[in-house]
Each structure stands twice: as structure tokens, then as C-alpha cells.
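Each chain gets a letter, A, B, C, D and E, in the order it is written, and its residues are counted from 1.
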Amino acid sequence: MTNLIFYCFAAMTLAGALLTVTRRNLVHAALSLILSLLGVAGLFLTAKAEFLFAAQILLYVGAVMILFLFVIFLVNVESEQQVRPFSRQWPLAIATLLAILLAGAALFRQGLPLPAPPPRAASAAGNTEQVADVLFYQYALPFEAASLLLLVAILGAVLMTRRRDAALLDAESEETSA
Amino acid sequence: MIPINDLFTILPALVLSIFACALLLMRLEEAGLNVGFALAGEALTALALWRQSSYAGLAGFLGSVILDPFGIFLNAACWLAAVFTILVCAHSLAHENEQTGDFLGLVLLAQAGMTLVVSGVEIVTVFVGLETAALSFYILTGFYRARPESNEAALKYFLLGALSTGLLLYGFSLLYGLTGSTRFAAIAARLEGRDPQDPVLLLALVTLLAGLFFKVAAAPFHMWAPDAYQGAPTPVSAFLATASKVASFALLLRLCAGPLAASRSAWEPLVVAAALLSLTIGNFAALTQQSVKRLLAYSSVAHGGYILLGLVAGNRTGFEGMILYLLIYSIMTAGAFLLLASFEKDDLGQFRGLLYRQPWVAVAMLVFLVSLAGLPPTAGFFPKYQIFLSLIQTRHYVYALIGALYVAVSLYYYFRIAREMILEPETPLADVPSPMGWRAAVGVASILTLALGINPQPALDWARGALR
Amino acid sequence: MSTGHYLGVSLLLLCIGLGGMLLRRNLIIILMSLELILNAVNLNLVAFSQHWNHVTGQVFGIFVITVAVAEAAVGLALLIALYRNRGALLADEIRLLKW
Amino acid sequence: MVTLLLLPLVGVLLQIVVPRRNSTLAWYAALATSFCTLLLPLSWAASTLPGDINLPWIPAVGASFALQMDGAALLFSILTGLVFFLAILASPGKPATFYALHLVMLAAAYGFFLAGDALLLFLCFEAVLIPMYFLIGVWGSQNRQQAAFRFVLYTVLGSVALLLGILTLYLAHGSATGNFTFALAPLTQTALPWRGFAFTAIVLGFAVKVPMLPLHSWLPLAHTEAPTSGSVILAAILLKMGTYGLFRMAVPLLGGEAWSASATNVLLWLSAAAILYGGFAALGQTDAKRLVAYSSISHLGFCTLGLFSQNSAALSGSLLQQINHGISTSLLFFLVGFLYERRGTRDLAQFGGLAKPMPRLSLVFGIAMLGSAGLPLLNGFVGEFTILRGVFAVHPAVASFSLLGIILAAAYLLVLFQKTMLGPVTLEANRTLPDLRLREWLIVLPLLGWSIWIGISPGGHFRLLDASVAAVVKPMLAGGRP
Amino acid sequence: MDLSTSFWLIPFYPLVSAALIGILRRGAALLAPLSVGLGFLHALAVYFLPRPARLEHRLGEWIPGASFGFLFDDLSGLLVLLVTGIGLLIHLYSLGYMGGKETFARYFGSLNLFVFFMLLLVMADNLLLLFAGWEGVGLASYLLIGFDYEKPAANQAANKAFLYNRAGDAGFLAGLFLLFAQFGTVEFAGLSNLEASPGLAAAGLLLALGASGKSAQFPLFVWLPDAMVGPTPVSALIHAATMVTAGVYLFARLAPLYSVIPEVGLVVAAFGAVTALIAATIALVDHDIKRILAYSTISQLGLMFLACGVGAPEAAMFHVATHAFFKALLFLCAGNIIHALAGEQDIRYMGGLRQSMPWTYRLMGVGALGLAGFPGLAGFFSKEAILHAAEGYPLLLALGLLVSFLTACYSARLIWRVFWGEQQQPGHDLHGWELHTLWPLAAGVIVVGYFGHLSSGPWWLLAASVFLALAGLYLGREMRVFEPLQTLFARKWFIDEIYRALWLRTIGYRGSALVAGVDEQRVGGVAGVAGLGTSLLSWVSAWVDRYLVDGLVKAIMLITQGLSYPFRLAQTGGVLQYALFALGALAASMVYLWAKQGEIR
């Protein structure tokens, strides 16, 4: 049963991903990506990572994808569909990808399974508690640092999307005309 | 409650982020005030670093970061680059009608991220720090958002940077998966008993190296660098070419000398290939450039090649050479880029007749160029010397010879700039503006370059101490 | 399911993500591909977390998601800035800087 | 001795504070500085040599700031001080940068000649490069860019080889004895593995600077394009760095090595070939400076001939000949420079009959030429004679071959003299040229005086040099391979 | 300090005078003759007052292995007397001859310099110092030949003289080095009592080469006739009486050395004889009065070499002394004639001057008779001594006799052509210094023969020489040379041409047109001296330097620059392509590691 669920989610993930990178229509691609991300979220669930599952759904599907869709609608979707969707280097690209895939798969085949971990008593606490425990104890520093990261991201988003002040623009156009 | 000791270990990052936040919040209009404030922050950071240096070996946050001379040394290199950038940026930004406050905030945040990378010994910490710095750099690169070049540079840098982040993360995830820990020491300990040629380890290693080569702009992962350096605001180019590279090399060194040390036979050929390719591509592509920024960008790729050769040698001399190289590279490359910051355009022709117009500017540039070429009596000589020495010590004669030959090639393009400076201009060019901060940065950088060339002992001692 | 299965899916996902980067010209799709790559990483982490029977990997995954969000935000912002200047979002047409 | 290196640098600082437009003041400052530095070695020559100095410099790698003074170093320091002083004297009215460059080179040259540490020596060797590049590149004549660049390119290629050689010695010495040091004496006088390789690399490195035969093609160009003071310094000091470097670093390596005979054979024949080649090429020149430049190649052939003869008499002779060449060639370059100042050309066809309007200049020119051609009782003869006498005892064939160079020297110098000074005055512009002025007299007289002094009484010089040579030769003869 | 111990001062009188003239640039007319005169008086005193056989004085060290050591014995004394004595006369003569020229100072300065170097040469106590004088006289000769420096011909002749001398000097130096290498010394005192050895023979030959350069012997004699463009008193002093005899002096000085290597002596003698013959034949047909005398000088020097070669340096020295008198006399008379005829030197345009210049005629007649070996005059005795010395070598003796005959012939021809026959141009006797300085010389020609050791040769030799001299004098007046020989002699045995051909063959080049071009453009006057081959070589090496070596450097630079473009063009600007590159590298590394990993397993 778990197998079946796993394969379903895996198929969903990969199909969504494939569709994402092959669709002409940006909106379709974005929706496929949502599909894929949901698949990944499902896989998280099968691996008993409930907290991450929730985060995936909330953050990704809820926030990131909305952002994507917003941008897609901001830019001119129609004109984007007229042009050639794929780059001319596709033969080389596919060869490269195949090489990475094959070499990666071969290395995994040889290297797996990983050595068994030292036996540990299953924690009584639920997943979320465990995560919180580890996050705030062992990973306190990155957690704090992540705030910096987000600060930078917000700052960047604001800075990059902000239109330049009208006054400045005027001054500049005067300069250039003069 | 986090113990005060732990906070002490990240004191520079704390200081920097506090000052960054303050800068962002205060929104001072006066550029000079912003610069002064940022410099005050840097001064405090320097103080923090200096205080930290007497607590070598102190680990914080359960072994997430460590205070070791190595980290402090490279942090100092980043610090120098940041200070130079702060000194110079105001004038360039004013020229483009951009906010200094936001810019400086980002610079400080980037530096804060890098301090975590340099002194971090735990994957997640390092990664978050790296990403903080990287995001800041993307934004800084695209800071002149009305300029298409700046946009383009930022976007290319972002796309390839994100790709490299992905690869790096993939490698980190495998490394974690193999050992069940994210702390370098624990990883190294758990890998100890295992086959250093374990296939999954190899996969981790190759993706990690790919990601890191991206970050240090080693060929063939370097291609973002010339475009990014050229398109970015010049002070950012300086910062990017130096601090970012120093931090990434710090990580590379910590990995290669730590968890991956046992797998040397696997990664050595890759590093050799990257080093030689960097030397070749960097030097040859720089030969005929017309844009000085791009020329310096390619030259910085080539310098990356030399530093990697130190890793190839892999003995103490080699490591000393590498970090010494990083320090001195930061000074001279930052100096050269920052000197460029005052120029309206960056093509070679701008330098024509500089010696007659502004002799001291020309002399400073010359000092940087000579140092970049690695000729004594400038600072650039000794790190190259150390690297060659280490290669000879470890019997890598061929690499030493190749490196030496490329010194001659590099001479050609550095001297193209010098040559322009002494040509008489056909049409008189205006003097480049020389604001105070710029003068200070360029002056200090050139004097340091010269002084460390004549007496490299302090730097050498420091580097030697950093590896104890 | 064994860790290997997860790793396999992850590898495939990685390759598809990389493929998106190499094949597509539209910058938005390329950004989406980057998300795929980061998801592949997360799959790895979760699988290993399960393997080692602790949650460290999941915590790592949280950070990866954070980073992914931050990258997406910054990336899209850069795209918008570019779009304002150029009016197009084709990867191989932004070629002012070359050689 | 540290003062000797510091004084010029103080002078550089002076040049920095001199008001930008006041070139006369800058000139005076430079003159005063260089004169003061000249006084130091002169005072040592008059009293006693100062003791060695050994300060820690980069203890991390075993490099020290070691200066050592012996006879050879003293003579070369005096030559350096004198030539720089005169070169500055010959170039009034230049911007402060010009003088600053000279003073930087001056410090580096002193450092090079006094260095007792291979790394310091290398550093100083390199340090003259950039100032000279600018000197040629900025103040040179039409083709200066190419000349300056080629100068740098060749020299740097050479110094890469030199560095390789030094490193080899350093490592070989370090691993053999456990003492990683750059001090010259242990590096060059210990029997080490890899010595042959180091010798080759070092010779290659210095041979570019000398220049020895196949590596010479930068020289005529650089000489021709450089300003007068540049040519003078190039010929009198920079080329000497090559030969002096060979003496300090390459020659001692020959001691007790099985390969030394074949290596020196090759080098001796190369030197002989350089003597003839330079001579023939000089004969074919139409540009006065180019002619003198080729004559330099020929003369330096004698110097290297003496260096590689492994004969102490010839070694002393070679060192003396290096000084001689410094005197005579700088004199010739100064004179050609004076002509150039007056007429704006160095084309031999533009001159002729100058003895008429400027008899004194032509007299000095004649003496300089004869000194260079090796007329007895002038300086050139003493050096060439001592070298050839020494080489004759060891390699008669090479020496006889080189003797032809003496004939050639007379030929091309006579041609130079005849085409400039003799014959009818063919051009109106030449008819009214002024004769030597006071400043020019001040420049030529010390050199003339020294030239005649060496020519008549070289004993004192030889005594100074012999001690240095003995210091090199004694361990060389004793140092058999273990 | 009495006169004889201060003998070493003698050379310094003229040196001081030269220096003073150089600095003051005036007073030359007084200083120069005075200094030489002082030297002469001093030398007289030293020579004739009682003194040890060998006076020595060491002034100080020069080059290690040689010092400023002076030596005065009979041999050098004789030459010191000759140099100062004849030098004094010629200085005085020059006062008249050079009168009115602005360049008095330079002339007398050079002349004094010459006397100094010549005295240095003959008074040196070692070969090296001798060599210094040797080169010095070459220099002075160069200065004086090229005295009229505005005349290109003078410059070329000066260069030629200097370079041919240098060629010989190179040999001299090589010989010196050989001696140094073998015996460790070049002091004359150390060079006696030697053992014969191949090395010694080689050294002897090389020194002889040097001597033949200075003394204008075959094969290096071609410079001397050209040197006649110099002022006539210079020709008299340097190119007849003193400098050219330096070679002979060298042999005399090194007699102990040569005595142990007689085979080298024979070579020298043979060359001397050949030179004597060639030069005499040329003198027989030349038309330039000074060149005739020059060839005659070469011829006489050949005889002296012959004597030296057969081991009779004292005979050679005797001839040096007598020759100095009559040749100086002849030259000075020729100078008077040239002066009187306003520069005319071609004897075909002279004739019948015995009426208009009676005193000159008489004086020159005495000189010519002396040269021809007229019995009872100086030349007769010295030539007799030489022939006597060559007695044991029939071939050399025959050549010697032939040369004596020819000498008489051309002497008679000279006098006949100039003073007899139709008067072509009016002339007049000169007065003052230019005439009166000749008397002592003429007197010398008459008496000096008796001071030498009189010949004690067999009667037939005496008779033969008397007969040949008289016959030559008689026949020589209207002599016509057989036509093909005439051409041969007039073209100087084609020696200049042979030199050219030889030089050319050495480099295998025969395009005469180009050679001429090269000759004209590149080296001018040198061509005649160092040969066209040299000039061509010089041109070639300059060309090689400019195009081949430089070209190579340029090519390397261009190729390197060209290599830049592939690397630059790879950077197309497309971000996808950048990613492809990077991922391609990643793929390659993965495949590499996979393959390598498989190997290990």
C-alpha cells in the first residue's frame, strides 16, 4: 500500500516536473509545477516528515507559486507564447543530462544501500516537536541567520521592483537631453 | 537562552547585521553619514575580529561556528575588501542617483553572511550564510536597475548562482545522508572508517566541487564572472571579485582539508583540471580584452587557477600560499577595480595618457598591475612564489612550469593597460574625479600592495599562524 | 520504501530541473526549474532523515525551503526589473555582455 | 649600508613633496640625493669596507635582509652611484616622476649589488624593471612602446627562469641540510643535487639581462628608444646586473661539478659568438645608438667569456671589464645623447664633420671610443687583456676566436667616429652646433678620469676585485662533490 | 738624480708637452720641438756618458704581470736617439711645412703623442708595455694620417691603417697570451734562455704577424701606401723613419727568443724577401712621388725582416738607422717639391727641377744614392751587412741582391724623372726650417754608415753589390718594364683585388653589384680594409637581428594573441550556454569518477 502511494506521488512529482519544463504556456507550466510540488509534499508524507509536508504546501504552493503566477500575469503572456520555446542547444543539453543521470544512477547503484544507522529508540515526541527541538537547539544559529536571509530577500525584492522616483527620472532625462 | 559565549563567536556577524538594519531603517539622505556609519560598523567589526583572535579554538552553537585563526585571517581579507568598497561606493552611487543606505546595508549583510561561511563548520550554517551573501550580491550586482548591463549581469549571476546553490545543496544533502550529521567534524569522523572512494561520496564530492567552483569562478564554471563583474556597479565588482571569492575558498579549503581530505585522489584531478583551465582561459581570454573590467575579471579567473594549484600541492606551504594569496589578491584586485570606479567608462582608451594627467593615479594602477602580474617588489609576488614553491616541493614540476609560463602571458595584458597610460592621448581626456573615499581606498590599497611586497613577513607570519 | 527509491526520484527530479535550465528559453520557466532542483535536494534530505531515523534532515529541508522562497523572490524581482528595461524574458536574448 | 638603500627612497619622497610644476627644484633634489648616495661608497673606498648586515626579513621562508660589501660590490656601487648621478645631471627639466623613477632604480641597483640573499637579489633585480619600463615607454623616442614592452617581456621571462633556479637551490639546500635559507653563500657553495638544473636556469635568467647571444634582441631596440639617461643606465647598470648576477650566483655553482666543463664550453663559445656577432652587427648599423647597443653585446661577450673561464685572473678581468663597459658605454651614450639634443637625430647620415664645430666634444668622443675599442693605457684594454689572457690559458681556441672581436671593435667604432666627427660638414645644420657646455663637461670628466685611471693604474681595482673573486673561486676549487 | 738614472724621464717630455698643448691649445710651435729636443739631449747624454749596459727603472705596476718598467741599453738607446733626433728635425721641419695652418696645436699634439708612444715602445722592459706603445703609435699614426679630417680619403686611409695594424696586433696579443700561458711572464729579462717548443714557435709566429702589421709586411702592407695622404713630415717620421721599424725592433729585442726557433725566422725572412721584391717592383712603376717612397720603405723593411729572419738583428738595426736618415731625407725633400709645386705629387708632371730647386736636388740626390746603396754612403754598408747575413741562404741572398738592384733602379728613376728632362712646372727652393733641417740628415746619410760595424763579407758579395748598385743606378734612369709585368706591378700585383676575392669566397658570395651597393651604403671606407665579406656579414647579422629574431618574437606574440579569440568567443553571452558548459563539465567529471571508481572496484 505504501509502495503504491509512493509510486503515485513519485509519478505525480516527475510528471509535473516534466510538464513544467516542456509546456509552452507559462500558466500551464506553473500549474504543472504546483502538481509536482504537491507530489513532493506527498513524498514527504510517505517519509514521515509531516512538518515539512505542511511547510511545503504552505510555503511553496501557497506563497511561491502565487508569486510566480503574479509575475506571469504581470509580464505579457501572449507574446511569450509566440516564440520558440526551446533553446537551440538541446541536443547537447540532452546528452549532458543523460550523462549526469546515467553516471549518477550508476554511482548510486554501486553505493547503495547506505550503511545501517546505529539503532536509536524512536522518539516519543511527534514530528513537529522533534523538528522544533532540533531547530531551536542544534540549528539555532542558522535559524537566526535565516532571518538575515529573508531580510535580504525582502530588501532585494523591494529594491528591484521599486520604480525609480519620478523626480529622479525627470532630472535624468533633463540631463540626457542637455 | 543562548549563552554569551555563543554570541561572542558570531560577534562580527551580529555587529554587521545590527549596523545593516540600522542603515536600512534610518534611511539617511546624506551619503557621507551613511558611509561614516557603515565605517563605524566596520570598525566595530574589526574590533570584534581582533577580540576573537585571542580566543582561538572557541566553538559556538554546538560546534556550528569556530573561532580559529584561519577564519579570522580570511575574515580580515573580506573585511578589507568591504572597507574599500564602502569607501569608494558613495561617489559612484551618487553618480547614478542611487541610495547609499540600501547599498551599504546590503554590503554589510553580505559580509555578515560571509563571516558565517568563513568561520562556519556546519553545513546548514555555512549554507545559510553563503546564501545570504549570494542574495545580497545578486541585488548589489543589479543595483543600477535602470542600466541594462546591470540587470543582465544580475540576472546571469543569479541564474548561475542559483544553479550552483542547487548543486552545492545536492552535494551537501548526500554528505549528510552518508554520515547522518551536518557538522564537519562529525562528518569527517564518520567518514573515517569508510572507503574514501565510496560512490555516493564521489557523487557528493563532484556536485560539491561543481557548486564551489561556480562560487570561486573557476573554469569551466567561471562564465558568469566576466559578465557579472563587467555589468555590476564597479564597487560591487570589486567586492564580488574579492570577498565572495575569499569566502567560497574558505569553504572549499575547510571541506578539502576536512571531510574530503581522505578522498584526495578522487578530487585532485578535478581540481587540477579546474586550475589549469582557469589559468588557460583566464589568461588567454584577458589578452585581447578592450574592457578593463572584463580584463580584470578574466585575470581574477586566472588568479583562481593559481590558488587552486596551491590546493593541488596540498602541503602546508600550499595552504599558506593559498590564504596568503587570497589576502593579497583581495587587496590588489579590490584596488584595481576600485580605481576603475572613478572612470566613466571602462574601456582601455580611458587610461590613455593617464600618467600625464594624474600621475599618482597611474602609479597606483601600475602598482596593482605589477602586483597582479606577480612581479616583485609588490605583494603579488610572494603568494605566487609560495604556490610555486609548494608545487615544487610536492614534485608537481609541470604545474609549476605552466603557472610560471602563464605569468608571462598575463604580463602582456597587464602591460597593455600600463602601455595605454603612457601613450599620449589624441584628444585630451578629462581628469577622473578623485573623491576623498576613493583616494583613501586606492591609496591604502596601493601602499599595502607595495609594503607587503617589500616586507611580506607580517602577512606571511599571520598566514602561517592561521594554519597552525 | 527504501532510501534508494527516494534518491532515484530525487535524481530524476534534479535532472529534469537541470534540463529546464538548459533547454528552456523563458526565464520564468528557468526559475521554476530551479525550484525543481531545490525540491530534489529536499527529497534527498527527507529520505536520509528517514534513513538515519532523526529529523536533522527535515530541519535542513526547512532551511532549503526558506532559501528557495528567498531565491524565488529575488529572482522574480530581478526578472521584473529586467522586463521593465527590455520588455522580453528570453534567456538567450540577454546578451549585452559577452566575449 | 642600509643608508645606501634608504637614501634614494628618501629622495623619492622628496620628489613627491616637490611642487608639481617646479622641475628645476626636483632636478636639484634628485641630484643632491644621488650625489649623497655616491659619497657613501666613495667614503668606504677611502677608508674601510663596512661589515655585513644581516637583518631578519622574511624569516618564515629563510630570507633575510642581508647586505654584504666586498671589493666587487664596492666598485659596482661606485659605478652605480656615479652613473645615476651623471644620468640625472644629464636630464634637467624633467618632471618629478622622471627623477623618482631614477631614484627607485638607484635603490634597487644598490640592493642588487650588495645583496647577500638570493631572494633580496631577485627582488631588486625585478624592481628596476618597472621604472625602466616607464623611462623607456614615456620618455623614449618614436618606437618606445614596442621597445619598453619587449624589454619587460624578455626580462620577465628571464626572471621566471631565475626564480626557478633560486627555488631549486633553496629546496635542494633545504632538503639536504635541513636549513631552508636564501643566503647566497650556502646556496651557491654547497654541493647539492640539482645543481646543474639550477645553473641552467640561473644562467638563462641572467643571460637575458646581459644579454647573451640568442637572447639579445630586446637590447638594441630598448637602447635605441630609451632617453639618454635610460640608455646610459641600461648599459652601465642594468646589463651589469646580468653579468654580476652570473658572477654571484652562477659561477660558484660550477665548482667541482662533472658537467661544468661541457657547460662552460658551450657558454664560452656562445660568448665568443656574441663578440663577433655583436661586432658585425654593429658594423652594419646606421643609427648611432643602435651601433653602440650592438657594441654592448660584443663587449659583454668578453665579460661572459671571462666569467665562464673558471680562471681567477679572467674572472677579475671580467668584473673589471664590466666596470669598464659601464664607463665607456655610458660615456658614448652620453655623447650620442648630446648630439641628439643638438640635432634631434641619431642617424649617422645626418652627421659628419662635427669635429669642426665641436672639437672638444669630438676629442672626448674619440677618447671614449678608444677606451671602448681597447686601446692600451685606457680602461677597455686592461679588462679585455686580463680576460683573454686568462681564457687563453684555458681555452686557446675560444680566446683566439674572440681576438677577432678586438679588430671588429676598432672597425665599428672607427666607422662611428668617422661618420659623426670626421669628413666635411655636409649639412648646414651641423655647421653651427655649440661645443660641450659646462654641465656636459661635468658629466664626461669623471668618466674620462676613471677610464684613464683604470687604464694606467688598474692595480687598486684588481686588488679589490681579486678578494671577491678569491671568495668565489676558493670554495669552487675546493668544493668537490661528496 | 743624475741624467742616466733619470733616463726614464725621456718619454715624458713629449707627453707633458702633448698634454700642455692639448689643454692650452697654444704654444705648440715652441713646446713641441723643445720637448723633443730635451728628450734628444737627455738621450744623448745617457747614451754616451758612462752607464751600465742595462739601465732599468720601474715606475709602478700596471696590469698584473706587467709594470711600467723602462729599459735603456744599446738597442733601445739607438732607437731613442733616432726617434728623438730625427723626430726633432722633423718637428722643426714641420714648423715651416705646416706653417700658416690653423691646426698647429692638434698637429703638434699628435706628433708629440707619437714620440711619446714610440719612446714607450722602445724603452719598455716588457712586451705588454711595448704593446701599449705599439698600439699608441698606431693611434698617433691614425690621427696624423687622418689629420686632414675633412678629406674622406684621409679618413679612409687612417681607418685602413688602424685596422690593418689592429689585425696584426690581434696576432701580437695572441702571441703575448701564448707566452704568458707558457712562461707566466712577458718581461724581456724572463724571455731569454728558453727551450724551443711548438708553443714557442707559435708565439713567435704570432708576434711576427703583429710585427708585419706594424712594419707593413706582406700580407698586411697595403695600408702604408694609402697612409701617404697624411702630411709629408708625418710620412717621413712615422711611415719611414720610426714607427714602421718597430717590427724590426721587436725582433731585435726578442732575438734570444727567436734564436731558439730558427725555422720561424726563416718564415719571417721569406716573407720579408717576398715583400721586398713585390714592393720594389711596384715602386719601379708607380707615379706618385710619396707612394714610390712608401713602397721603397716597404721594400727596405722587407730586407730588414730578411735580416732578422736569418738571425742577424744587428744588421737589421743597422739598416734601420741608416734607412731612417736617407728615407727621412727623401721624404722631406719630396715634401719640399710637393710644396713648391703646389701639391703636385705625380712624377709624370714633374721634371727638370734641378735648375729651379738646386739644393733640393742635391740633398735628394744624396738621399737617393744612400738608398740605392752607393758605395761609401750609409745604405751601402747596412745593405751589405744584411746580404752578408743572408749568405748561407742562396735563394734569400739572390732575392736580396735582386732587390738591391731594383732599389737602385727606382732611386735613379725617381731622381731622373723629377729633376732631369723637360721642366714641366716651375719650382723654387724653399728656405728656413724646410731646407735647413735637411742638412743634418744629409750629413747623417754620408757618415752614419761608418759608425756601424763595417762589413766583413766575402769580396764577391761586396763586388756584386757595388756592381748591382751602379748598374741599377745607370739602367734605372730610363728603365722600361716589360709590358705584362708593367701591368702586374702597376696594379700592385693585384693584391687588393685578391683580398676582395678572398673575403668574398669565404662567405660564398659573388654578386658584385650588390657588394658594391653594400660597400657604398653600409660601410664606406671600411670596405677596403676589413673586406667586403665583413661588411656583408655585418649587414647579414643586422638583418638577421631585425627580421629573423624580431620576427620570431613578433610571431610568438601574434600567435598568443590569436589564441585569445577561441577562449573569448566561447563566452557567447548566452546564459543557457554558460549553464551548458558548466553542467557539461559536471557531467564529464561524474563520468570520469564513475569510470575511475569502476576501475578501483
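Brief remarks on what is shown
We take it that contacts are C-beta pairs under 8 Å (C-beta built on N, C-alpha and C of every residue); 3 or more make two chains touch, one makes a residue touch a chain.
On a predicted model such as this, the values are computed, not experimentally measured, just so you know.
Taken together, subunit B and subunit C share the touching chains A, E. Steps from subunit B to subunit E, minimised over paths through touching chains, total 1.
Each chain's centre was taken as the mean of its CA atoms, and the one lying most distant from subunit E is A.
Note on interfaces A-C and D-E: more C-beta pairs are in contact across A-C.
Here the chain at the heart of the shown protein, by mean C-alpha position, is D. Among the remaining chains, the Cα-based centre furthest from that of subunit D is the centre of A. Work out the mean CA point of subunit C and of subunit D, and you get 65 Å between them. Inter-chain centre distance (subunit A to subunit E, centres taken as mean C-alpha positions): 100 Å.
Each chain gets one centre point, the mean of its Cα atoms, and the points for subunit B and subunit D are 42 Å apart.
Centre-to-centre separation of subunit C and subunit E, using mean CA positions: 95 Å. Taken residue by residue, subunit B touches two or more other chains at 124, 127-128, 131, 135, 138-139, 142, 145-146, 155-156, 159, 163, 167, 177, 180, 199, 202-203, 226-227, 412, whereas all remaining positions touch fewer. Residue positions of subunit D with contacts to 2 or more other chains are absent. Multi-chain contact residues of subunit A, defined as those touching 2 or more other chains: 87, 89, 93, 96-97, 100, 104, 106-108, 110, 112, 114, 117, 138-139, 142, 146, 149, 152-153, 156, 159-160.
Listed by label, the pairs of touching chains are A-B, A-C, A-E, B-C, B-D, B-E, C-E, D-E.
Residues 1-9, 11-20, 22-26, 28-29, 31-33, 35-36, 39, 42-43, 46-47, 49-56, 58-59, 61-63, 65-74, 76-81, 83-84, 89-92 of subunit C touch subunit A in their complex.
Residue ranges of subunit B in contact with subunit A, taken from their complex: 2, 6, 10, 13, 17, 21, 24, 60-62, 64-65, 97, 102, 105-106, 109, 112-113, 116, 122, 124-125, 127-129, 131-132, 135-136, 138-139, 142-143, 145-146, 177-178, 180, 194, 198-203.
For subunit E in complex with subunit A, the residues that touch the partner chain are 576-577, 580, 583-584, 586-588, 590-591, 593-594, 597, 601. Across the complex, subunit C meets subunit E through its residues 18, 21-22, 25, 91-92, 94-99.
Interface of subunit B with subunit C (complex): residues 123-124, 127-128, 131, 135, 138-139, 142, 145-146, 148-149, 151-156, 158-159, 162-163, 165-167, 169-170, 172-174, 176-177, 180-182, 226-227, 230-231.
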